[in-house]
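Next come two complexes, and both contain chain A; in the first it sits with chain B, in the second with chain C.
Let's look at the complex of A and B:
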């Protein structure tokens, strides 16, 4: 008697999001199985990686991180071009200057930077505020308008500021990052609130606020896994691509900073620091992450090799 | 939890009149209404007033006009194999056959029919001797149906065993046996067969029918009920199912869980 191979039969699929326009536009999501189980469903799109660009020079960044961007860190346009050279699928502009503790830059100033970067590169853009919710809403309103029609991913929308950001996205054809603090119930609720404003579900990316390897990675992993299983079983309010802000977390880790002489048993810092970002990324890809916001160009090379392998069909 | 809307049945006066006068209106009204009230299937039954030789044609008509009105599959409900097959022939999507008993001659008709039309099938845990009293006897009959489905290549996810609930006012002792049967059905195969129930039977001839139905539905869900043929035109019932899905960890909680359950 022939052996019947038990395969999971999922009934639903993750929404497919389109970012950018023209030849460099990308699609994410669209999965009908758990990550890379090509034998149980479709994985139509490879996960994508963005490199960050700040609109002001990041003074706190470690030397390893500054080195590949020597000479461009104070110039967002040059920095963005460099990122494209390094193979980033998207550019993530972080409007750090808008933070009241830094330059408290106006939404108009941020919009001018966004426009300049958008004119210089042809890859899709992710536009991220400084993290102060009210300010981010004001910034996204202007930035979203300045890049109208470019199909950017803007955020981060939270329970407090989602209305303004969702409206800015709807009017200008962008998608929205919906952030909730490691809580699947709040993530779902925020998606409901945003779709109730008539934002299509395939224009929301879930940001579960991931931690780095060694810093609570398992909590985010479990939430992403559970959300994805819910999505595949028909929960439309969780059937969105997931975005992971890995760079900001991985480069905060002690393992990415501790010098060789302090912790020689951990291996050489220049390799170790990058590997921290690499392993955090690949782990979250296995949990269902689709969009990764990264900082070091070497990470892109390593992870691309990994993605090429996991995207090879293992269907049988 | 799949709700099978019970309302398109010739036992109801408006449907019976629709059938007699060839007026699709009441049928299509209930197709739409039950769709709005979260039904996943529409039960379609010609009712006993239609002559046996007319039943196939009437079933065919009912399935067609119901599916015109609502994008739902049908649960083709008859004791007449010719009527069931007539419904299956015109059905769009994955139909459900309602039903076979554990009598061999019936299983020999309906289970191959399910395989042929790639339809799901409801198997009643009873035979010509009637509905057994004990859970053990109900489970034994369910096992007969499981084996016959397996022989004909009908997968367990397409088999819905109905443990047969009887009215609380005449057969009160059956309730606990039904709950026990539901639990044991899930041990009969791996993956296990699914389960269903004619929920309104629970309260036939009783007062407070909605309360009895709703309460027994929730108790049954906790014991392994996957679907029910029910009166879905009942907001309290739908809200209770939404809550049960959360408490059974089938749906992920969010503050809008009642609303989310209703949205298609």
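Let's look at the complex of A and C:
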């Protein structure tokens, strides 16, 4: 007796988001199956990866992370170009300088940087604030306006600042990152609030505030699995692509930082640090993540090889 | 499992004799259905009913053991497709391979023995050594198997498709319940015979799911591991998913744990492939690298994925020193929910702060939940300040509490006598908080 292939009969799909314009524009989402199970549905778009660009030199980054960007870390435009060379699908500009602890840069200064980067590269942009909610709202208002029509992904919108950021996205044709802390119901709630302002559902990316491998990866992993199933079963408020800020988390892990002489039992730092970002990324992709914000170019290379393989059909 | 109390009740004697300790047969049936009682507690059940109930209540995936003694591994017994549905039960066994053509087998085994990692006081390691008959020579294979066995306590996987070579290796290692890997369409009978002779577990490898099913049926053996033959990760992911789904639907030929081989020629892809197998259903995953840098992410991912989602993991409630703190260093109080603690620790570290962290024992729940549940209280924080030894380490009397529980500060100050600083709500704000508020 032959084995009858077990296929789930999903009734719905993940919304499809379009980012960027022109030849390098990309689409994410649109799946009608669980991740990489081509035998039961469509997976029209491969997950995508962004490399970060900071608008001020990241002095705290470990050497292994600074090395590939030698000479460009203080120049966002040159850094962004370098990221494109390294094969990033998108560039994620982080406006760290806006943070009151650093330069407390004005929204206008951030907008000027954004504009300069946008003029220099043709890949889609992700625009991320410094993490201070009120400041991010003010920054996104100006930055969103400066890049009007470029179909960027902007954020991070939280329950406190979503109104300003959503409005900035709607007026200027951008999509929004909706951040909520590791809780599927909070994620849904924020999506409802944003769509109530008439932002189309396919212009929201869910950010579940992921943790790295070894630092709570399992929480976001399970939220993503549940969200994907919810989306496929017809819950429109979970049917958004998921964005994962893997770089910032993976490079915080002790395993990605501890020097060889301190933890010889962990093997060589160069190798283990990259693997930390790689495995965190691929594990989230397996759970349903679509957009990855990363830091090291080697990670892009390895994860691309993996994505190429798992995007090949496994239909029976 | 899978049977309702009523369906079970129909098979019972219905005499309400109470010999099982339950007041009625129906009550006993309900206990059986929820897994709280075993059928052997009823002395009167008929053989026919027993057989019907046993096969229906047998777990969807058999538990199969490899090895003997302390390092024995037991795989299978899984009941769900997704960890959030309940939990994954038996963490993937990680096996590292050695070839019988390798120059210095003993030293590679010594390296494998050292793949032991300490994570907040818990020890995690690889679990098995796979000996591969790359030479094609039976005597060489047996000699390699013996060398491995003499140098490790980990159980063995014997990898050869040649029954004669397998027979030789089993002569020297068969007493220790190694995994025979294994049977395929051309050697099935001979391999099953060897497995039966040593009462050892056996891998059955099919060329695709259909052949795998046919070989399992033909083997008539019950201590099995399944291998669909897929080695490319896209296909292997589909097959692993199918086998788990079919097993949970009680398709009996697939009711066994699986084995996967992460033998990608690209060493990074081999690690990634292995990580996919750990997340998606492999009972055992075999890797070729014994480099700790390759194994640490895998052992860590396994720990994370197999964490019981219903039971928060806690770190030990004690004084933790971050960096090289001195008498003027800040003291942070948080809860012992591991994720909470790791966040605080990570952010204190990333701010390059030398400090002390005191995770109060809240049974592993988070700050806000702990506060709401009365487990994160001024009394408990005071007790920790007094007993953890921090009072002797620092000369100041200032304690930083999470912003979410600012409400505790008055009472805490009153009963502990320490000045209470209300920190940020999110641990990410710790570096800037310290910059602005500490030592200024």
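By our rule, the second predicted complex is superposed on the first by the 312 of 316 C-alpha atoms of A that agree within 3 Å, B and C clash if a C-alpha of one lies under 4 Å from a C-alpha of the other, contacts with A are read in each partner's own complex, and residues count from 1 in each chain.
What we mean here is this: a residue touches a chain if its C-beta (ideal position, glycine included) is under 8 Å from a C-beta of that chain, and two chains touch if they have at least 3 such contacts.
What you see is a predicted model, and the numbers here were worked out from it, not measured in a lab.
Novice: Using the touch definition from the top, say if A:227 reaches chain B (first), chain C (second), both or neither.
Specialist: Only chain B; A:227 stays clear of chain C.
Novice: Looking at A:44, would you say it contacts chain B, chain C, both, or neither? Reply first, second, both or neither.
Specialist: Neither chain B nor chain C is touched by A:44.
Novice: Go through the superposed model and pick first if A:237 touches only chain B, second if only chain C, both, or neither.
Specialist: A:237 sits against chain B, while chain C stays out of touch.
Novice: State whether chain B or chain C is in contact with more residues of chain A in the superposed arrangement.
Specialist: On the superposition, C touches more of the residues of chain A.
Novice: Just checking: does A:217 make contact with chain B only, chain C only, both, or neither of them? Give me first, second, both or neither.
Specialist: Second partner only.
Novice: Given the touch rule stated above, what does A:192 touch, chain B (first), chain C (second), both, or neither?
Specialist: Touch status of A:192: first partner only.
Novice: Following superposition on chain A, which residues of chain A contact chain B and also contact chain C?
Specialist: 6, 226
Novice: Any idea which chain C residues touch chain A in the complex?
Specialist: Answer in residue numbers: 82-84, 114, 116-117, 119, 209-210, 213, 232-235, 237-238, 241-242, 245-246, 249, 251, 254, 266, 268-269, 271-272, 275-276, 279-280, 291-298, 300-301, 303-305, 307, 309, 338-339, 342-343, 346-347, 349-350, 352, 428, 432, 435-436.
Novice: Could you pull out which chain A residues touch chain B in their complex?
Specialist: Per the touch definition, chain A meets chain B at residues 6, 9, 184-186, 188-189, 192, 226-227, 230, 235-238.
Novice: What does chain B use to touch chain A in their complex?
Specialist: So the residues of chain B touching chain A come out as 157, 191, 251-256, 259-260, 263.
Novice: Considering the complex alone, what residue numbers of chain A touch chain C?
Specialist: Residues of chain A touching chain C: 1-3, 5-6, 36-39, 60, 99-101, 131, 211, 213-219, 221-222, 225-226, 229, 252-255, 265-268, 271-272, 274-276, 278-279, 282-283, 286-287, 302-303, 305-306, 309-314, 316.
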